[in-house]
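Shared between the two complexes below is subunit A, which has subunit B as its partner in the first and subunit C in the second.
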Partner chain A sequence: MEIDVRKKKADHRLLDGERKTAYLCLIPSCIGLIFLTYVPLITVLILSFFNWKGVGTLQWVGLTNYVRLFTKDPYFIDAIKVTVYFSVLAVFGSILYSFAIALLLNQKIPARGFFRAIFYLPYVLPAMAVYLGWSWLYESNWGLFNYILSFLGIGKVKFIGSPTWVVPSLALIAVWLSGNLIVIFLAGLQNVPRVYHEAAEMDGASGWQRFRYITIPCMTPIIFYNLLMSLITNMQVVTPALALTQGGPGNSSRFISYVMYTYAFKDAKLSYACAISFIFFLIIAVFTIILFVTSGRWVFYQGGND
Partner chain B sequence: MKTNKLFFALLIAVLLISVAASIVAAAEPVEITYSYWGTPDEAASVQAVADRFNAEHPEIVVKVMAIPNEEYVTKLNTMATANELPDCGIMNEAGVLDFAEKGLLADVSDMYAGADSMPLDSITFKKDGKPVAYSAANEILILYYNTDMFDAAGLPYPSATEPMTWDEFVATAKKLTLDKNGKNADDPEFDAENIVQYGAVVDNWTWQLEVWALSNGGSWFNADGTEVTINSPEAIESIQKVADLYLVDKVMPYNAGLEDNGIQRSIVSGTVAMATGGTWNVGTSLPGSVKYSVAPLPVMKKEVTICTGGPQVIFSQSKHQAEAMEFIKWYTKEENSWDNLIATGIWMPILEKYYTDEALTKKWIDNPNFPKYEDYKAAVVDYAMNYAVSTSWYYTPHTNEFIEYLRSILGPVWDGTQTAEEAINGGYDYLSSILAGE
Partner chain C sequence: MAKKTAFQSRMKHEKTLNTLALIAVILASLLVMLPIWWIFRSSLMTNAQLFAWPPSFFPKDWLFSNYTKALKYFPFLQYLKNTMTIIIPSVLGGTITATMGGYAFARLRFRGKKFLFSLCVGSMLLPNMVTLIPLYIMWTKGFHLANTYWPLILPYFCGGGAFNIFLIRQFISTIPRELDEAATIDGAGYFRILTNIIVPSIKPAIIVVALLLFIQIWNDLLQQIIYINTGDKFTIAIGLSQFKGSLKQEWAYIMCATCMSFAPGIIFYLIGQKYFVEGIVLTGMKN
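Right after this comes the complex of A and B.
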């Protein structure tokens, strides 16, 4: 009896201590979240109601920036379309690609570690070098891809020089760069319980059936996570426009982030760029919410509801 | 009484110490930052020049801050917002008048007070007619050509004194455009799908297109830069003529006009016989590439070229403007930037005397870094003196935005989905509103 009481007390103290440690450990990330995310977010919103060119005084203009954005801006509407188009291609492309590669790398193939490194490598290469390399492959007149095409007797394709091909071409680079998704998929695949597979095998399920009814359902949380991360990353795409296309040809690769960047830093129309970034934040939020809402229907959590 | 004395002595001691401290502080050199666009290597050579200044001026220490060229405007804009601009630096041409409008540039009007030669008027930035900055270098657009390709085709070199007409230029380019069977663009069996050597590149990097409007008797702006005139038939036709080099004449490789590398992808890469570009290429991209020489730009209707050059400015946020002025004055003297910038062909001098006094011209260009003396003298030195007019950013504001939008509407012109007329007329109102700052 006495021992029991003492043990309970000790438990309580332990819990208290743990709780304290937990809060203590959370402080840095809370501070980070507040000062690096929420404060800037609110500042951006407030600034968007002013006219401010980086120096000098702020001038209250109300909703003028937002009105201009949707009525007069020559880039913004196109930019939304292009960004969504790119994201759809890049997100689905990279999910399919990295899931397929992860499945292959999960097999017992020779030199598996080597191949895993090979497919992960693009993700850690410096972005500028990657885009420069691809620009040589894609070059409209002398590039390697066009050399191969002309060798095969097919006419030249302008790739990033063509309004039709520029977004698919850039999406292909994004897919190729998605090595981080492969790693996450691989980790997920290794967690699919072997017992399910063994049981199904004994019941005579084919390889496809096991993949369709065991692997895929067990992987849905991972697929969801990758989908979300990939969506957010690809919606914010800006590097290819900065490195390769300057938003062109015409407006065909003028992503929202790029429009925002040029207004803010090239033209020094900071408050206007703030309005863009706030709308942009809403757009990403809408897509994220859609993804979360629909996820209930297809994501399967083994742990049940907790 | 005793405490009073002690107090008095203490007070004097404090006073003496503070006076001594301020004397020491005054002897401590003032540190100023000079920003420059370029690679770390280039910055090192600029720092070497600055170190010579530092040695001559013990009271000032100049430190060079290198910013990559393509990020220069963005970086300066950001630093301006943070009130952390360097003391002085070279400034991107397209941003000079915007910076002047915001009061970020200090007055440099007495920079050349008492000098024996003034900078050329065409490279003086003016706001409301008053000088706000002077270019540190003079650069004009010219025609470069690969001499080996002309020799192989058995064609005479373009004249350095008599510019080609546009039609002659296209005709020459056709003779120099070869397919994989060695047939040129004049041959009826010419295979336009398999071209291995192109005759010409007219750089369609947006700001450079202004020269063709002028050459065709038009302009992008009226004389005082208050009205956009790029929709004049002459200006529109000039853009179409450049686009047609690819679309109709088949003498130019396709380019969407999105990269500032006309000379690199033509003359330097050895795939194109003639290309237009800025004179800085003589010192930056061309050394050691191919055998080349220079000629004036072909002429649509009028002999003309445009000149430009980043100015040295002092930023008004600086706390040491006098020292910064001292350095800029020193640095812009030709003899101080001679070895690494002028004699290498990267910068052309800004003072008139180098163009008018042949002894000085010889001193400048009679060295192996330059193409043949007679060619460069006629096609660059004399041409700059007689036919160069200011690029419009010397007198129009909001240039970055203007160029960015113009580039976006010209995209469909280069691949032929729109004519220049459709593109320019479609974008004219917005271009005007950018100039007006709306």
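Right after this comes the complex of A and C.
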């Protein structure tokens, strides 16, 4: 009896130490989660119902900011379209590109590590420098891309100076930068159980059939993860507009984040920009929810894992 | 006999496939490297060579003197020092606090764990852009830290981002628990287990987190622009964005500045590459 009680006490003390360590370890993360994530999210919503320019008192305006955004704002609706257009191009481009490269790297080729490093390299370059460098490649008279086009017999294209081509051009840079997806895809491919392939081969499945019915289904969780992360990253695109285009030509690269930035930090319309932030949050949430809901239909989780 | 030839033909088939894959990989990697080469080659040319048609693939005289000239307009070392003043403490703070958080989630039992963890994962889906304005108000009007590096550094001491906590947690859960248990029997406390057993065995994950944080801060032009206003405090990213405006057509100098800014990232990546790939591979599998 007594031993039991003592053991329980010891257990309790052990658990206490464990609990104390856990809370100590989580103090920084909790501060971050509360004060840098969830409280600001609520603040955005609250501020968006007011009229405030950073100084003076808050003035309650209800839904006026939102109404103005959707009815009178010269940039906002177009910004949503441009951002979605860019994200679709960049996300699908990056996924296709990085999946294709990962499939190639998954073959029996020499110096795989070296090639993987090459494809990853653009990802470690500072974005600002990348856009600056590419703006020279896209230069409308002497740039590399116009040189390449001249081989194909195509006349000069203005790329980032043209309303039609600016978004696809920026999306191409995003694709080039997506080396991190390759590494994740490749890790996933190497994790596809070899037995499946061997069994299918025994049954006489062709290479394409094995790819379609084994590789793809096994990869769907990773495709899903990459889609989600790539979507969230690309929807927030702002650096190319800040660094290169200033939203132009016209409004053709005026992304939501850039509109929010100019209202908040150029015009000091902080609460109005908060309304944009909140709508932006809702847009991304809707896309995320759509992705999660449809994922039930196409993402296959192998049973027994974890 | 027939069986053997079938086998041989399949081997041959596989071999041609592998050769084709190798050729495709080489072509693709050349394409991926082409922009970087073109930027580098442009940094070594005179304007006359830059604006020649057709453009040449190699610079004629390799004008490394362009770099010394570019440095006159673009105080790279000053910017690098400023950027490092932000990056070094941020990366340290981020990796340490993410490791602590990841350890608690992976190994320790405590009340509210599930709730906290779902808050943490949930915040991964919350775009940083959304919280930008309230944070700006908090740092500049609440703490009066405008035009200092604090608003850029301090957030990294608060967990280093949900994704990194998650990554460390996943990595720790691949390490056999027997190691901790043995240490517990030897009388080590939970904190000792973290510092003496967990940290050494998750070195690759820690390096991945450090590199990801490095890239994230390196790229974060927006936050740097809104908090930093004076030239003496400019980071490389802000410096580059100002530089283009001041030197409209001096493409060679702009490309010099671009190449200089590429260098630190590449160096850091090459140093950590061995661990880095190992880390991504191990953590990627668990996603």
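Here is the rule we go by: the second predicted complex is superposed on the first by the 268 of 306 C-alpha atoms of A that agree within 3 Å, B and C clash if a C-alpha of one lies under 4 Å from a C-alpha of the other, contacts with A are read in each partner's own complex, and residues count from 1 in each chain.
Assume contacts are C-beta pairs under 8 Å (C-beta built on N, C-alpha and C of every residue); 3 or more make two chains touch, one makes a residue touch a chain.
Computed from a predicted model, the values in this text were never measured in an experiment.
J.: Subunit B or subunit C: which reaches more residues on subunit A?
T.: For subunit A, the partner with the higher number of touched residues is C.
J.: With the two complexes superposed on chain A, say which partner A:Phe115 touches: subunit B (first), subunit C (second), both, or neither.
T.: second
J.: Pick one for A:Gly155: touches subunit B only (first), subunit C only (second), both, or neither.
T.: Only subunit B is touched by A:Gly155; subunit C is not.
J.: Now for A:Met260: first (subunit B), second (subunit C), both, or neither, which partner does it touch?
T.: In the superposition, A:Met260 contacts subunit C only.
J.: According to the stated criteria, A:Gly17 is in contact with first (subunit B), second (subunit C), both, or neither; which is it?
T.: In the superposition, A:Gly17 contacts subunit C only.
J.: A:Gln190 contacts which: subunit B (first), subunit C (second), both, neither?
T.: second
J.: Scan A:Leu270 for contacts with subunit B and subunit C and give back first, second, both or neither.
T.: Touch partners of A:Leu270: subunit B and subunit C.
J.: Where does A:Phe92 make contact in the superposed view: on subunit B (first), on subunit C (second), on both, or on neither?
T.: neither
J.: Identify the partner contact of A:Phe211: answer first if only subunit B is touched, second if only subunit C is, both if each is, neither if none is.
T.: In the superposed model, A:Phe211 contacts neither subunit B nor subunit C.
J.: Is A:Tyr75 in contact with subunit B, with subunit C, with both, or with neither (first, second, both, neither)?
T.: First partner only.
J.: Determine where on subunit A the residues touched by subunit B overlap those touched by subunit C, and list them.
T.: On subunit A, the overlap between the subunit B and subunit C contacts is residues 54, 141-142, 150, 261, 265, 270.
J.: Could you pull out which subunit C residues touch subunit A in their complex?
T.: 17-18, 21-22, 24-25, 28-29, 32-36, 38-39, 42, 50-55, 97-98, 100-101, 103-104, 108-111, 113, 116, 119-120, 123, 125-138, 141, 155, 157-159, 162, 165, 189-191, 194, 211, 215, 218-219, 221-222, 225-226, 236-237, 240-241, 244, 251, 254-255, 257-258, 261-262, 265-266, 268-269, 273, 277, 280-282, 284-285, 287
J.: Which residues of subunit B touch subunit A in their complex?
T.: 73-74, 77-78, 80-81, 83, 98, 102-104, 193-195, 198, 253-259, 271, 398, 400-401, 404-405, 407-409, 411-412, 414-415, 417, 427, 430, 433
J.: Residue numbers of subunit A touching subunit C in their complex, please.
T.: Touch list, subunit A to subunit C: 15, 17-19, 21-26, 28-33, 35-41, 43-44, 47, 54, 101, 104-105, 107-110, 113, 115-129, 132-137, 139, 141-142, 144, 147, 150, 176, 180, 183-184, 186-188, 190-191, 207, 221-222, 225, 228, 232, 235-236, 238-239, 242-243, 257, 260-261, 264-265, 270, 273-274, 277-278, 280-281, 284-285, 288.
J.: Would you tell me which residues of subunit A are touching subunit B in their complex?
T.: By the definition above, subunit A touches subunit B via 53-56, 72, 74-75, 140-142, 150, 155-156, 158, 160-163, 244-252, 254, 261-262, 265-268, 270.
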